[in-house]
Amino acid sequence: MSKLVYLIPLFPLLGFLINGLGRKSLSKSLIGIIGSGTILASFIVSLLVFFDVKANGVSVITLFNFISIKGLIIPFAFQVDQLSVLFLLIITGVGFLIHLYSTAYMHEEEPQHFGRYFAYLNLFVFSMLLLVLGANYVIMFIGWEGVGLCSYLLIGFWFKNNNYNYAAKKAFVMNRIGDLGFLLAVFWLIFKLGTATYSDVFSQVAQLSSFDITAITALLFIGAMGKSAQIPLYTWLPDAMAGPTPVSALIHAATMVTAGIYMIARSNILYTMAPGTQSLVAMVGLATAIFAATIAIKQNDIKKVLAYSTVSQLGYMFLGLGVGAYTGAVFHVITHAFFKALLFLGAGSVIHAMHHEQDIRKMGGLKKYMPITHITFLLACLAIAGIPPFSGFFSKDEILMAALAKNPIYYYLGLGGALMTAFYMFRLYSLTFLGGFRGTNEQEHHLHESPSAMTIPLIVLAILSVIGGWVGIPELFAKDAHSLEHFLAPIFASSTAIADKHHLETSQEWMYLIGSTALIVVVIIYAINSYKKYQPITEESTGLGVILENKWYVDELYDAVIVNPLNAVAGFFKNFVEKYVIDGAVNGVGRLVGYGSRQLRLLQSGQVGNYLLIMVLAIVVFVLVWFNDITIVYYLNRLFN
Amino acid sequence: MNAIIVSALLGVVMMFSGILLKNKSTLKYIAIGGLLLLLIANLFQTYGVYTVVVNSHELLRFQKFGLFFNTIAITATLIYVILSGKDIENAGNYPAEYFALIFFVLCGVSILCGFNSLLMLFLGIEILSIPLYILTGSDKRNLKSNEASLKYFLMGAFTAGIMLMGIALIYGATGSFGISSPSIISTPTGGTSVPRASYLEIAGVLLLFVAMCFKVSAAPFHFWTPDVYDGAPSVFTSFMATIVKVAGFFAFIRLLEGQSAILGPTWKILLSFVIIATLLIGNITAVFQQSVKRMLAYSSIAQAGFMLFALYSASDIAKEGILLYAAAYSLATIGIFAVLIKMKDYTLDGFNGLAKTEPVLALTTTICLLSLSGIPLTAGFFAKYYMLASVVKTGTGLWLVIVAVLFAAVSVYYYFRVIQAMYFKEGVAETTEITAGFKAGLVFVAALIVLIGVLPSVLLNYFYF
Amino acid sequence: MPIQYYIYLCLALFSIGIIGALTRRNVIIVFMCIELMFNAVNLLLVAFSKMHLAAASISDKASTVGSDGQLFVFFIMVVAAAEVSVGLAIIVMLFRNTHSVDINFLNRLKN
Amino acid sequence: MIPLLLILIPLLSGLAVFLLKDSPASKALALASSLATLVLSLMAVFTKGALTYDAAWLPGLGSRFSLLQDGMSKMLSLLTAISFPVVFAATYKNVYPKSSSFYGLMLLTQAGLLGVFLASDALLFYFFWELALIPVYFLCSIWGGEKRIAVTFKFFVYTFIGSLLMLVGLLYVYSQTADHSFAMQSFYHANLPAHAQNGVFALFFIAFAIKMPIFPFHTWQPDAYEQSPTAVTMILSGVMVKMGIFAVIHWLLPMVPQGFQAHSMFVVVLSVIGMIYASLIAIRQDDIKRLIAYSSIAHIGLMCAAIFVQNQIGLEGVMIQMFNHGINVIGLWIVADVIEQQLGTRKFSELGGLAQKAPVLAILFVIMALANVALPLTNAFVGEFLMFNGLFQFNGWIATVAGISIILAAVYTLNMIQKIFFGNTVEKTEHAVEVSGNVQWVLGILVLLVLVMGVYPQPMIDLTKDTVSAIFANR
Amino acid sequence: MSTTEILFFFLSALALFSASMVLISKNPVHSVLWLVVTFFAISGHYILLNAQFLAIVNIIVYAGAIMVLFLFVIMLMNLNQQNEPQKNLWMKLAGVISGGCFLMVLVSLVRQSLDLKSKVAMTTSGDIGLIKNLGRVLFNDYVVPFEITSVLFLSAMVGAIVMGKKD
């Protein structure tokens, strides 16, 4: 069965080609069918593969040799194991739902752009599958860059708007910064081990010095920072909301941004052997989680709030990875995929209904107009806030518990972030769905529930958000209930063998669990109460509020510290160094020749007397040079003796 | 010897044909016939057939090398007359005399190709020079021509004085006028006895060297060149700048060949100074010339700088190279001058747009210019190649070669200005009437240049069989 | 006579000729100075020829060593005569056109 | 026989085209000839082993007319052979005054280029080296832009100085060969002493560095690319700069290994500085052609660095990249030409929104541009990946600094895409139309090549394997 | 001091003095006349060296023919006034200095030439300079250059005619 794994990326690729080439000739419905159908097909194959892996374990399928030179062979190979197959399911499953949703959401587009959209989406899925399936770091990198490209294309999908294009470019460039780190890590691996294939790398890991491992993991983590929007490379993700909302759901919530987590989980053995990097990962993750959460509190754009929430959640995942809770991180990826996709799609549904109004201050009371969207959105909010028994609770709890075991400070800070999460999510929820409508009359007139192609994915995802956490019920509740951990155990086996175990006592765990849940509930109630009766106020925020509204001025900081100096240096090079120093030197030689020419011409005075004079002088000089040993010396001797 | 006699006789024939013939256009054909005769006579001697056997008591000694050289000079003259014969006829009022003088010059060239005594060198150079003074001033109404003639004469005579002093000093030291019998005397210096030539002789050789530098217009004795080349009627400039000049070079090499024993290490320093000065002045000054004719004068100085490499290395490959250089340089320069003479305006702007009005002229001129700048696939490349290769082979003076190639790059600048004017600039280049035969001649020259450039062995093999 | 004396004399004459050529403006005088240089050389050649004869006649009384030097002088005179005829012709031609024999006015050709 | 024909066909047909007086036939003949060359070079590629041809030429000088077509030569002659029909086809609709001269000179250039890639005799190599330059000089000066004369002249003199220095080097090595021969093998075995190696290295390297060009010898290049007719620019940047790289690998490296070794750090650092420098300048460009030119400098810098790190991975990367860079940059130039021809401007500030008017062009260009930033699964990725690998093995820090150019490449390339194609239409692009069919086809073929080579680069690696292993065989 | 020596020094002094006067005289005619005096002094030297043939030729050709030709030209041009504009003083000084340097370096060379120390020029004896002897050598060994000078004369003649003829 695993032999068929190549079909999984092949379907979306075909979809991309058909939709891309036929975008002008195919009808919209056909495009939609092809676009979603290919993903569905992949999903089905993925399911088959999933069961195959469950039954038969890991397998590697080599298609052909991508690069084969003396001392370095990089096969174009797919590795199907527990980890990749999980991601396959998320990508194709959630991907399919979002494709389906898109057929309705994007229906207003012209056919050719509609086709283009689906082509990009399919290409994205293809790249993401490549990323996940690759059996070595190079193939992963292919997918890694591929998703970056698709992200670029999709963020800038409405290319007439230059702001969107800037956002797209920003995303690509920031991703590239990370990619450079990734690449350097791969070079380092190849340099030291002569291979980039996972199995070889992980089995030869003992040959690497601790410095090598630390450096490689740190570089890989830089790659992850870019892709998964961690400090300091996170600023692209909120801007990426310029893309169509389903894109945000798929790429910037459910799949692409989790590539960094996938990569680190994949390389878990390396990280386990590099405790330094691991703490770095944990700290960066934690910092991002809190930092993004603070920003989210003050955002008024529905998608921006979700975007910062995503950044924050990704931070949690990295925290999990950093404290060695690989399973927890992957678990959170899964649940996050469900509820965050749901949130985005719900937001999309709202935006759709509001005719592309995204400011939550101008919404309100949508509960009665859009019941399905409302319910599903609420479920998702509960999930992300971490209310049991919704999925988010389990995954977040697993990470936090692991953090607690590692270092209580991690836990408390993480909990603070979680509280903020609950706060801003319910702020968002109340502003959007509760209270009275604050938009224009015309908007109110048009408010309606979305079509079924949009609501069905919402419902499916809502179900998943609710029950998705049950694959990872902690041991606390039931012995051996954590089926995900058992499923993934082979992947993390070598890491768990090395890692030192911290186990909390059961009673302690219960205490933390109940305490934190209680706090979250309090925060939720506070948030709903504060914003239920929200009326637009004109007064400016003050103090911290301004800073948060302006996202801690990070973009401005980057502009001031990196972008502007770089531009200035480039301008200096272009306008000064190139023109006056380098070209100036070349032209200077030319000018020197010209100057010499004009001066030497004067020697040719036209006067015979001068000519003869120079000749005679030259003769004298020649004689003196030739007889330097006798003439001059002779006269000097005569002079002084 | 054949060539000396035949060319002297032909000079007389030309003089009389001027009296006998009323139609001056036939002169050209007589001259061409005469040159062919001369060529054949010289070839005869090259391969051992003598018309008259004259015992010159070792004053003259003809070797293959010299005779080959003479062949090149005569052939170049032949091409020159074919291309520019009509212009010689129109240069002044005495066409027959001009042709006669050209033959007398060739007589001088032939002497220089075989001299074995400083006396013959002196006579040869004088026979070469005196007709040139006259040819330079042949445009009698033109003040520039007059001035050039007088300048040339005065400086030439002055140099003849220098040269004679050199010869006298050599004679004083060696007691003979032979060119290959340096006197090596032992002078006790600082207790040890090292053989070295007498100071007098060295001084004499030095003065001779200076005089020869003057003849080949090597800096800093080049000053006459731009003025004279510029002032002389173009058609005679062409002759002077090519055949006469390379003959001077040949004499130079032949002269110093025999003196190599007395030329100590200082010699190379001095020579490299001269080479660099020549390259510098020739190339740099040419850059800003507005008149193509004057530019070519400086270019001929620059080319002399390259030819001096043959002296520097003083090897067989250099001798071979100087033959090639002579051929390549003469061909190209004759070609360019032939076109230049047809132009109404000698400035660079006068060439503007020539490619549109006269594509054949433009193309052939371009090939000639490419050859002068030493671009591969033209004869000029191999000429320069041999010069550089000979120096590189000696193992010393690599820096000199590098300097030389840098100047060669400068030379591209002014040669290509002409190409740019012809091809890339707008304008209407005015020419006098161009005949089909003239074009054919030019194409032949260009073809020859390319042929030598692709297969120099065509020419070089000739020297060996 | 010691040969040095002759050499000094001839070099002095020669240098006077050079100085004349360098300092005078009248073309004819310049030309005359060049002739003076020639004559200096002539005298030197004759002196050398007699010097070589002196060296040779120690062993061979009837030696004709050195006659080539004197013949060279003869040829120099011949050449000088030819040059003078051409040179004066040129000077006359120039004078006809410019009515001047000032060498400093010969500067139409420069740079 | 194939190597000889590869040179002869363009040479003879080039001369023949000259004689056709301005007729459209010249265009057709040029295209036909270039296609014939393509077929031949494909035949060469599919022939196993190295191809040779040898004939007497200059017996007195120890120089023979000998050609050798090993893997790298096959690859580069294939590139040359692909480029010319592509260029002819893409510019088929352009009308050149005196077109017969234009096409004749183009074909002569091709002959020169092929000669450079095939010659295995140093003097012959030098001949072709110059032969490739002269027609380009005329092409650029006659059919170029406004400032063409001065710019082309600078280009010409600059490269000419380089080749003259190379000539001195050639002569020196020649004088040191055991058998006084210009044959490649004699040069390889000249065994120069160490100090001489350094000198010879400098002489040759300057020539090649100017040709490539690498920082700081590059200033002729942006101007020349900008002012040349685009057809020539394509050849210049697509094929001609490869002459320098080729020559370094084919001549310099085996000839003076010690000199090479001694200077490797210096050159690598220089190249990397050039990469960053050119990339930064490219960011600030407002002109398509100049941007592509600087981008090309950056890419060439990487190739140069990858040669000088002297390891097999890097060199393999260079091999692949030589071909791929040629394809990519030609593609970019084609688009630049299309835009300039149609809209009369190359300034980004006067462009925008072209994707609405010419979507096909936009798509093809975006793919080309992505290849320019070496996105995986485009052809350039493999080469750059291997080159960076080589660079990393040489020195991690240098590789890291060089890696910054990857980011900068993304910046300027995306800038370019955005400013030309995205956003709203502006005055000049208001009435733009889709490109003509021939350009679409040509670009389509190039894009196909880009993708195929990007997904399955192994054949190209195998093709050049023999050259690489020969170089590292005795180390 | 022998007669020869006295004669030598007298002639030398005369030659040098008259040569200097050629330069110094403002009037070209005077210059010519001083030059003639120089030539006579040189001829005196020839006689002293027993080179009678050259002495005669020198007087006939140089002092007689050539100098008369000069004189004739000067008269023809009516240049006998002292109207020659003077060269710039610096130029003159430069000319004198460089000429002096030339003399100085060569003299120093001769002084350093040890091989000349004992050499003497045979004065008043040695008859190679007689017409009889020279003529024999000229028409035996030097017949080729002798004939070749005819070409020289021919070209000089042609030149003089071409140049001098009024057209």
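A, B, C, D and E are the chain letters, set down in written order, and residue numbers restart from 1 in every chain.
In this section, contacts are C-beta pairs under 8 Å (C-beta built on N, C-alpha and C of every residue); 3 or more make two chains touch, one makes a residue touch a chain.
Just so it is clear, the model here is predicted, and its values are computed rather than measured.
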item: Neighbouring chains shared between chain C and chain D, ordered by label; value: A, B
item: Common touching chains of chain E and chain D; value: A, B
item: Longest centre-to-centre distance from chain A, chain (CA-based); value: E
item: Highest C-beta pair count, chain pair; value: C-E
item: Most central chain, Cα average position; value: D
item: Centre-of-Cα separation between chain E and chain A, whole angstrom; value: 101
item: Distance between the centres, which are taken as Cα means, of chain C and chain A, whole angstrom; value: 96
item: Distance between chain centroids, defined by C-alpha means - chain B, chain C (Å); value: 26
item: Gap in Å, rounded to a whole number, between the CA centres of chain D and chain B; value: 43
item: Chain D, residues touching no fewer than two other chains; value: none
item: Touching two or more other chains - residue numbers and ranges from chain A; value: 601, 604, 606, 608-610, 612-613, 616, 619, 623, 627, 630
item: Residue numbers of chain C (touch at least two other chains); value: 3, 7, 14, 17-18, 21-23, 25, 30-31, 48-49, 51, 55, 65-66, 68, 71, 75, 79, 82-83, 86, 90-91, 93, 103-104, 106, 108-110
item: Contact pairs between chains, per stated definition; value: A-B, A-C, A-D, A-E, B-C, B-D, B-E, C-E
item: List of chain A residues in touch with chain D within their complex; value: 64-72, 112, 138, 141-146, 149, 152, 156, 159-162, 165-166, 168-169, 172-173, 176-177, 179-180, 183-184, 187-188, 190-191, 566-567, 569-571, 573-575, 577-578, 582-583, 585-586, 590
item: Chain E to chain A touching residues, read off their complex; value: 87, 91, 94-95, 98-99, 101-102, 105-106, 108-109, 111-112
item: Chain C - residues contacting chain B, complex; value: 3, 7, 10, 14, 17, 21, 27, 30-31, 34, 37-38, 40-41, 44-45, 48-49, 51-52, 55, 65-66, 68-69, 71-72, 75-76, 79, 82-83, 86-87, 90-91, 93-94, 97-98, 103, 106, 108-110
item: Chain A residues within the chain B interface of the complex; value: 593-594, 596-598, 600-601, 603-604, 606, 608, 610-612, 614-615, 618-619, 622-623, 625-628, 630
item: Touching residues on chain B, where the partner in the complex is chain D; value: 370, 375-377, 381, 385, 388-389, 392-393, 395, 398, 401-402, 405-406, 408-409, 412-413, 416, 420, 423-425, 455-457, 460-461
